[in-house]
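Order as written gives the chain letters A, B, C and D; numbering starts at 1 within each chain.
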Amino acid sequence: MLSLAMIFLASLFFTGIVIRTKSLVSGRKGPGIFQPLKDVVRLFKKGAVFSQTTSFIFQVAPSIYFASVVMAILVVPVGQSKGLISFDGDFVFFAYILALGKFFSIISALDTGSSFEGMGASREALFSMLAEPAFFITMGSFALLTGHTSFHAIFTALHFGSYVSYALGTLATFVLIMIAMIENSRMPIDDPKTHLELTMIHEVMILDNSGFDLGLILYATNLKFAMYGAIIANFFISNLPLALAVPLFFAVQFFFAVIAGLLESFAARFRMAHNAEFIYTLTSFSLLIFFGVLLLMGKFI
Amino acid sequence: MLDNLKILFRQGKQYIPDVRTAAVPGIFRGRPEILPARVNEAELTALCPTGAIGAAPVRIDLGKCLFCGECAFVFPDKIRFTTDYNMATNERQRLVVAEGAEMPVRLNPDLIRKEISDYFSGSLKLRQVSAGGDNSCEMELNACGNVNFDMGRYGIEFVASPRHADGLVITGPITKNMAEPLQICYEAIPDPKIIILAGTDAISGGIFEGSPALDRRFLDRYPVDLYVPGNPVHPLTFINGVLELIRKRAKQ
Amino acid sequence: MPFHTWLPHAHPAAPSHVSGIMSGVLIKIGIYGILRMILLIKTDYVTAGYIILFAAVISGIYGVMLAILQHNLKTLLAYHSIENIGIIGIGIGLGTIGIGAHNPMLAALGFAGGMLHVLNHSLFKSLLFFSAGNVYQATHTLNIEKMGGLIKKMPHTASLFLLAALAICGLPPFNGFVSEFLIYSGLYQGLGNQSPVPLFAIIASLFGLVLIGGLALLCFTKAFGIVFLGTPRRVFVPAPVEASWGKLVPMYATLALIMGIGLFPGVFLQALSAPVAAFTAKIPGAPQVSAIPENASRLVANIGWCAAGFIALAGLVFFIRQKATGRKPASVSGTWGCGYVGDASRMQYSAGSFIRSYRKLAEPLFSIHKKKRPVEGIFPVDGWQETHPYDALEEWLIDRPLRKLKHFMGKFQFLQNGNPQFYVLYGIVFITLVILVPLVVDNMYALLDFLNQL
Amino acid sequence: MDNLIIKNHETVPLASIPVLEYDKFLAQNTVLLAEERRHCVQYYGFLQSGMVQLLCCIADDMHGTILVSSALVGKKQILPSFTAHRPAFHKFEREIHENFGIAYADHPWLKPVRYPFDRARPQNDIANYPFFQIGSEELHEVGVGPIHAGVIEPGHFRFVCNGEQILHLEIQLGFQHRGVERLFLAKQHLLQRTVLAESIAGDTVAGHSVAFANLWESLCGFRAGAGLQFARTLALELERIAVHTGDLSALCTDVAYQLGSAVFGRLRTPLINYFQIWCGNRFAKGLIRAGGSHFPFNESLAEQLLEMLDAFEPDFDAMCEETFTLPTVLARFEKTGVVTHDQAVAIGTVGMAARVSGLNRDIRASHPHDFYPVLQHQPIIKHHGDVYSRAQLRRREIKQSIGYIRHLLKHMPLDSATPEPLGQPAPESLTLSLTEGWRGEICHCAVTGVRGELVHYKVKDPSFHNWLALALAVRNNEISDFPVCNKSFDLSYCGHDL
């Protein structure tokens, strides 16, 4: 319950911090950190326009997408406090429920019958498919290391001791940040700020959504970001007492947001065809983590 | 990385601290003033390339004015352009600056629809449609979002899809070939929505007024929420106009 | 795999209900055979398990990778059968390793997952084939590039196809997830256990299973999206109509089963207890009371709850949305096409385009026959593009050997010259050979014996 | 060869232009284009006593001359086309076809250009443009525009795509058509016409207004003084620097490189604000007037300009250095959107788009006007024709232009530039005015009647030639690279649609 509340809290300002960071390093003042929230509130109040091409899929998909993200958040623990749902192998459930949301966002994009949305859907389907193994192997490696298979158990049993484990922790943080960037369609895979139909992935899938549905999708994106932030935070706060863990959680979220902002400021987006290669690289990093864990456990004979 | 930091340091803070009071460099031609001197009014009205100057009393319609300044050069003691860039209003009549009735061009608060501040104060997404025109207004609207004017800090942004937008910004005199796309775009914006006319071309047709290649019937069908004069509109005129429109007002 | 090549040819040829049964029962005979063999023989189970696992992972990935490329709806589904057999095989392979490694938990999870997936697959695959049949009857084509927008004409078929597609992708809250989850649990069990299970095999299977899941998602978003969503890509005469209730009712019944397993997996898992016990019994010292370990059934119960919870949550969100949007203006207009006023019917993603980036990545593995005339010149006059995905294994293992065989046999054509006398001669030669060969062999043996005695 | 040979900004009597048989007209002009040094700057028709007089102007870059010839044809005639021999003529013939209904027997691409309100075939509607299609069901089409994602002008791009790959792009324009050429005739006052010239393309205000002012002065027999010429040259070069800087910013935006986008964007602001300091408008509207100027250049303006450039250069250099060495940026720029030399020659690109493909086309060097003869301009040539070359060319041209401005400021003429009344335009004459704007050559062309009134006014923006180059450049590229290709050309819609 605590984790749910904290992730929701973090989601309120997470994207705002990313945008603020980007604004500051470009010499802007930029909108306040609650601007994304204001946008969502405005959308919740507004009416909608639906295309006559679309079917009921288009109407239900945003709700299912949102629900899937919330459901996934329920699984994520924060520090010592378990997620609302926690069982062995819950990260399989986590990944699959997110995949369900993605399935619906993809078909809702195809429902519009527009080639832009089709383009976005095609990209999203491919890249998220490619990114999945990296997540599973990273989590699998930690499952191997700790002997547990639920988020909460893995993180609480995780303790860093040797140099190798520090290296692994860094690597895993990197992989998770990158997965978070891919899943949220941010740089260097996708650039949500370009506002050009032809170059975007996620943004172009929701070109036709409006009003409440669009608000749901945008807020789900904020939640998703904060959720990955929470997973990353767990690396650092899993064994700390609550009084220390809570501020540290927000500190990690803050840093993650700043890093995301900086990452988006100082490099150009990849060429679309290079994205697949980049994601492969990520998978090999996760394999590196796996071998590291083997090394750590002395299974390399 | 060091180079980046150096560039960043040189970049520093570029934004204009307060767009409401910022001064425009150089000889900006903003809201004109009509001085009490006596001149040949027929000559004066004939001078204007768009017929924006009317006689008896001398008046200038900012919705038609190209801000070329010719009248002020020929009749410097009759017409003077000030640097006041606050020229946006929501009432077409208020764009006419007449001799003797000198006052800043402001919005008419009675005409602002109530839902505008309810919905959009603090967050407004706009969809711009370029309907003819010469691209200078578009460049100035783009400039609104650059590091200097930084319109994004007020939560006002231009978006790609009209579905995501709350308002339509029209630039250009609305050509025949763009009339239908403009209509489609307007219909694609969810309610409630606003219409902003940016630039003299959009407000009256400007130098293109009367061209047979135009079709301005769109403007007869829907009410306009904001007129932003200028050729092209200055970013400060636009930002201040929109901020004034969506500002939260105390309940009367 | 690689004994699969008949399947993708058989399915499109068969009527849909037969396809349904075929995928439900016929292809499972092989699985049944494997299971029987495991029960009968007493062997090095670990090695056998790895062999099964290896074959299963390969066929799973290979099946789905090929499935994505298909433009024929039923061929696509047929390749998915291969994929699902792969998933089942991973379960059985794990179970077998579990037996060999004396790990009752692993064995139980593996076999339970595998066998549950057998049931699941027959359910959702039948449903998919039935839906495909409805589509075929309405449109008289199976080429998905020609379809589009069918959801408006056939909402029931579309919904059923969608739900079955979600199930086959192994997404919660449907039955596919339950069995895949069991297998995942088995894999992580294999990871976590200190038993001598080579981790590489496990990680490879994990990788394979995840990849299968992701690829299935790509495949079914494509299939569902292109067939049912968007605008029609061509006008069908007569216009497609929804299938009759006589067809839909059994389909809904199948759906009920799918949902049932998804929501109450515990019940079905208990039903699997006896057959699984038959396998776990092979582990010396395994508890005989219940084949399904306590925590395993608790796990699946959890999944059931989560599934139900998710449905409730999604329902709640949707309810709030309906409430919130009920009073607001919602108008209908065309899809935003940048304000273009002309005909936009060709401006829609095609299946070929949807998967092209993937195809580019997968191309080295398959033989894809491309026909294209590139667009050339400043003012092009012509251009064409067509791809025909072809199963490389089929080509290498079956087509080419067959061609070689035919070629080889062709060399003996001179024998068949149509002259009756020759045929009589062949008869005589044959008889002579029949008599002579044993004679010679006998004599040889006699000779050898004799030599030996010396 | 039967031509009238004229110079840039020369007014000649209409009667001196040879009127040829169409066949000879065709043979002569297509042969002229066989050499790379010649290109067609203007080919159009105007009504002459019920017939259509076709006027073809071929520029010879080596000799700095323009070869003019003409032919008289009937309105509904069917003719053999120039395009069948030289694709560079395709747009001109399409325009003639659209305006007068003249049909071409062997034109491979006879499609509408801009849907003018008075087109010969009103049934050709903007909704029924005959796009090139490929019947293959595996391919899809993507239609972008007229209302684009960004705040830019309208135009429709139709891609035939195979997944992410562009097989073919066709560009449909005309949405901005507002009747500029007709308004030149309808509006009688010089000021109105000047304002019209300023409204042709907002990003090339200096270019078009200089072209108009030079044309009008030549037509009225007025010789601009050194001060005026100086101011015009300065305005052209300043505009080049400002727009190029803005384009570098936009290129960075399109590859999502925020730092470059923000810094170049910031660097552009003082440049265009300088125009405001000079003339009260950020786009130099009102600066250039035929016969004089309200805003004579002076010492204090020169000082401010130097100050501004001194502040601009180091930051610009640092940012360029960073941008053009950043691997992620280079990966997006290099080998993207290539136009080969052969393609560039065949379709007759001009200006920047030509110079990146190794084609030396620069009016400043070949047909110099104002202060350019003094500057001895040497065009910068690149050879790869990709986005990277176009970005690099901008960088080098900015540096070159800054050098020119510094040079000009050292030799500032100080004569009065206050407006003087102009004489009457010469009757029955033709004037052709070529100006190198930042994008490429701008051509204005006026024909006067018996009383010196305008009977035809023709404007050609460089975009008119170069749109096809964009279409060819993106073939077989990724569709997600289209925006950056498009921006690297930065062609004008309004300058094309008129």
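In the analysis below, a residue touches a chain if its C-beta (ideal position, glycine included) is under 8 Å from a C-beta of that chain, and two chains touch if they have at least 3 such contacts.
As the structure is a prediction and not an experimental result, all values here were calculated from the model.
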item	value
Highest C-beta pair count, chain pair	A-C
Most distant chain from chain A, judged by the mean position of its C-alpha atoms	D
Approximate Å spacing (C-alpha centroids) for the pair chain A, chain B	41
Between chain A and chain C, centroid-to-centroid distance (C-alpha), Å	30
Separation of chain B from chain C, taking each centre as the mean of its C-alpha atoms, in whole Å	61
Residue list for chain D, restricted to those that touch at least two other chains	126, 140-144, 146-147, 149-150, 154, 161, 163-164, 259, 262-263, 266
Multi-partner residues of chain C (at least 2 other chains)	328-331, 333-334, 336-341, 347-349, 353-357, 360
Interface hub residues of chain B, defined as touching at least two other chains	4, 8, 11, 14, 129, 147, 158, 160-163, 181, 185, 187-188, 190-191
Graph class of chain-chain contacts, one of line, ring, star, complete, other	complete
Residues on chain C engaged by chain A in the complex (per definition of touch)	148-149, 151-152, 155, 158, 162, 166, 169-172, 177, 180-181, 184-185, 187-188, 191-192, 199, 203, 206-207, 210-211, 213-215, 217-218, 220-222, 224-226, 229-231, 295, 298-299, 302-303, 306, 309-310, 313-314, 316-318, 321, 324-325, 328-338, 347-349, 353-358, 360-361
Chain B residues touching chain D - in the complex, by the definition given at the top	3-4, 6-8, 10-11, 14, 24-29, 47, 49-50, 66-70, 73, 81, 127-143, 146-148, 158, 160-162, 172-173, 175-178, 181, 185, 201, 206-208, 210-214, 231-232, 234
Chain C residues touching chain D - in the complex, by the definition given at the top	71, 143, 145-146, 233, 337-344, 346-357, 359-360, 374-375, 378-381, 383-387
Partner chain B, residues of chain C touching it in the complex	328-331, 333-334, 336, 338-341
Chain A-touching residues of chain B, taken from the complex the two chains share	4, 8, 11-15, 118-120, 122-123, 125, 147, 150, 152-155, 158-161, 163-164, 166, 187-192
